[in-house]
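Several structures are given next for inspection.
You will see two complexes here that share chain A, one where it goes with chain B and one where it goes with chain C.
After this line comes the complex of A and B, so read on.
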């Protein structure tokens, strides 16, 4: 993306509430922002380190539950609860990373799925803590210096800040030595190892940062919908993240954002025309079509087009 | 003691169908190197075909089972030929993404066709349990166990004694050499996928009448199939059989003595523990087929 284009986009995102008059449109923008955080998070593992996590909803859900429980039962305020959500999700990422550091490909995927399955069952069955399938209603809205961020406009800016933070962390990380190590591992692990890249260290690091970021998304989600239930662990969330990253372009910084906006706005726009099941059916078909026709995603395809136009 | 025996018998019935699911998946995974996340959807398909055949057409139970197997095998074949064949030689991640897409599409297609309400499959067996000493077992469950055992035996015969089975074993051991010796790899892949999907559909048709049929039933079935494959070792048919029975029994014991809410956690925990401590499976000296 050119620098001017980037500034233009940032300006548009900052002034969005001024020209989106309806609360519904703002709601869609907030959800796109939260999914943007989640897509960036999955992209670190899938796009840069080359490991597909199909249990990413677990880190999202851990963040959501941590933040909700601390503010509801512990009477913490929002900001420390948010930090705790990121920390606990990151710790879960560390655990999964340590456990599965010897596993690759399908086996890594299976461990992440199993981890999410166990956590989801705990959230349903540990009723004293989580209130079971009934969930936790009345999660408080965040406050900043005594101001409630309850309004949609205020919450939009909170999510935008979270998204910007996730983007900056991703950008700093992948443009640093660490990011180059990730890519080296993804492209050729034995070769990377032979030139001294510590595989275990970097894969665990990728898992921790990615999971912490998903925890941030979870906390933002919990305090926005004001309700958390075992549904946050639904596989649908993981699938949505995967579709966003793969469609947008894994291993790019802009790709997950494009995917997140596209696959939040599109289903909402099609809501009147097609039911939820049709949309999910379309997701499945779309994933297959993407692999066949646009395997690298939208952003890399556009970049290739522009390069061809320039030369 | 009586309670323990009862749990063992129930676990055996469950385990027989898990073994069917696992055998199908271990062949597909081991031979084609495809992580088939849609495996559970063929199980669901089998259950719905059995439902349609028994509740609407009112056919015999055996005929319904055969129809389910045929439908699963046909769709599996179609899936391999249209989606997986063009991607042969691509990385395992690529085909995995395609199969995740197939999984989501099939499950939501089923939801659209059948609706979300769970259905029970009518079956011709008396509901009064047979009492054998301390153990009571419904006649339907005996029938399920016997048929599962028969299907497992048939699969074993197919792999060990037929020309197709020999070609499959050869492909598993060394694809390139098998191809040089005149084995049609494309044909073997299609046959393997159809065979595995047919077995999954059979498991669905058998367990459907025992439990209820609903569109998302395949998710847990997939995970159980993966636990069985991991327990038994990749491409290991006796391993998958033993793994299936073991998973069924451990689940039943866990649900009976620990907590029924965590029944389905058993499969997840098995996946994690086996992959951590014995990644080649409990029963395998090395990865092999049959």
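After this line comes the complex of A and C, so read on.
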């Protein structure tokens, strides 16, 4: 993305509530922002470090529950609860990273799936803490200097700030020697070791940052919907994140954002246009076409197009 | 600063890959390990650089034991290797390949990176300059922006060499640097190896091309069946009866 394009996009994002008239459209924008945070988070592991986490909803859910429980039962205010959500999800990422130190490929995927399964069972069965399948209603809306961020417009800016922070963290990491170590792990692990990259250290680091970011997304989600139930651990959330990252372009910074916007807006647009069965069918066909024609994702395809135009 | 290998033993199941292998690599020398296929050359490399744990014996550098350390920790002590089969970071540009090799020269830590400290930009441009100098040295400066996997085979091997040099080795282990190269490319590689040594780097290489080995080595170590059968100057090894027997088989019984 060129610098001018970046500023234009930032200006558009900042003024979006002025353009969107209905609360429903703003709701879609908020959800796109939350999923943007989640897709950026998965992209660190999947796109840069090259490890597929199919249990990413676990970190999202841990963030959501931590934040909800601390504000509801601990009567914490939103901001420290948000920090705790990031920290606890990050700690869970550390655990998964340590558990799968020597595991790669399918084995890493299995560890992440199993972890998500265990956490989900805990949320259903530890009824005294989580209220079980009934969930936790009435999660308070955040406040900032005494202002409630209950309105959709205010919440949109909160999510936008979270998204900008996630993007900044991703961008700074990726453009540093740490990001190069992540990519080295993806590209050629034995070679990375041979030049002194402590591969396990960087795998754990990628898992911690990625999980912490997913925890941020979880907390933002909990205080927006004001309700948390074991549904946050649904596999669908993980699949949605994977689709967003892969379709947008894994291993690029803009890809997850493009994917998040597209795959939040698209189902909503289809919902308006067609009945339920056709909706799912159209969604599926579009996904297949995308993977078939743009296997590396939308953003890398656009970059290639621009390079060809330049030369 | 001697790399010392003592009584190395490696067994794969019932097969003995290395047995009582002992040798020294003198600092500042070019030392070659030769031997027929399956002699244990690459196995010895794998043990020295930490990719394989020996059943017995040890490796020390400057008196400090390396055995049991992870490959990245061994690289940090200045012992860096290349691989027998071409090994680059395929999707990255040639420059990014070398920048990744410069990992240990960077100092940026996690929190510093997140804070976006100004010092890091200076460090980063320093690394880019280092990478350019290394690419200049191996003769790939004009390929800087190209994807490593798009380069022809011989140039990919040079990328590999550049990555290893970026890790600032004190001992550089090259596993068949000339394999699959044309005669002209081999001459270039031999010249580079000499220049690397002139910069004070000790070179240990495994190589099948005898002309290359005899042309650049100070010392040659011959392995056969997992044992050292001869060690000495190239001319002495060429004439050594055990080495000739290992490569060509025993002379026919005159009777």
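General observations
Note that in this section the second predicted complex is superposed on the first by the 290 of 311 C-alpha atoms of A that agree within 3 Å, B and C clash if a C-alpha of one lies under 4 Å from a C-alpha of the other, contacts with A are read in each partner's own complex, and residues count from 1 in each chain.
Please note the rule applied: a contact is a pair of C-beta atoms (placed from the backbone, for glycine too) under 8 Å apart; a residue touches a chain by one contact, two chains touch by 3 or more.
Not measured: the values here are computed from a predicted model.
Of the two partner chains, chain B is the only one touched by A:283; chain C is not.
Residue contacts after overlaying the shared chain place A:22 against neither chain B nor chain C.
Between chain B and chain C, the partner in contact with more residues of chain A is B. When both complexes are overlaid on chain A, the residue A:180 reaches chain C alone and has no touch with chain B.
By the document's definition of touching, of the two partners only chain C reaches A:205; chain B does not.
Contacts of A:196 after superposition on the shared chain: chain C is touched, whereas chain B is not. Common to the chain B and chain C contact sets on chain A is no residue at all. Residues of chain C touching chain A in their complex: 49, 51, 70-73, 75-76, 80-83, 87-92, 96, 99-104, 106, 108, 110, 113-114, 116, 120, 124, 127, 163-164, 166-167. Across the complex, chain B is touched by residues 52, 54, 99-100, 102-103, 105-107, 109-111, 113-115, 117-118, 121, 124-125, 235, 239, 242, 246, 277-278, 280-281, 283-288, 290-292, 295 of chain A.
Per the touch definition, chain A reaches chain C in the complex via residues 169, 172-173, 176-178, 180-181, 183-184, 187-188, 190-199, 205. For chain B in complex with chain A, the touching residues are 29, 35, 83, 86-87, 92-94, 96-98, 100-109, 111-112, 219, 223, 226, 230, 259, 261-262, 264-265, 267-269, 271-272, 275-276, 279.
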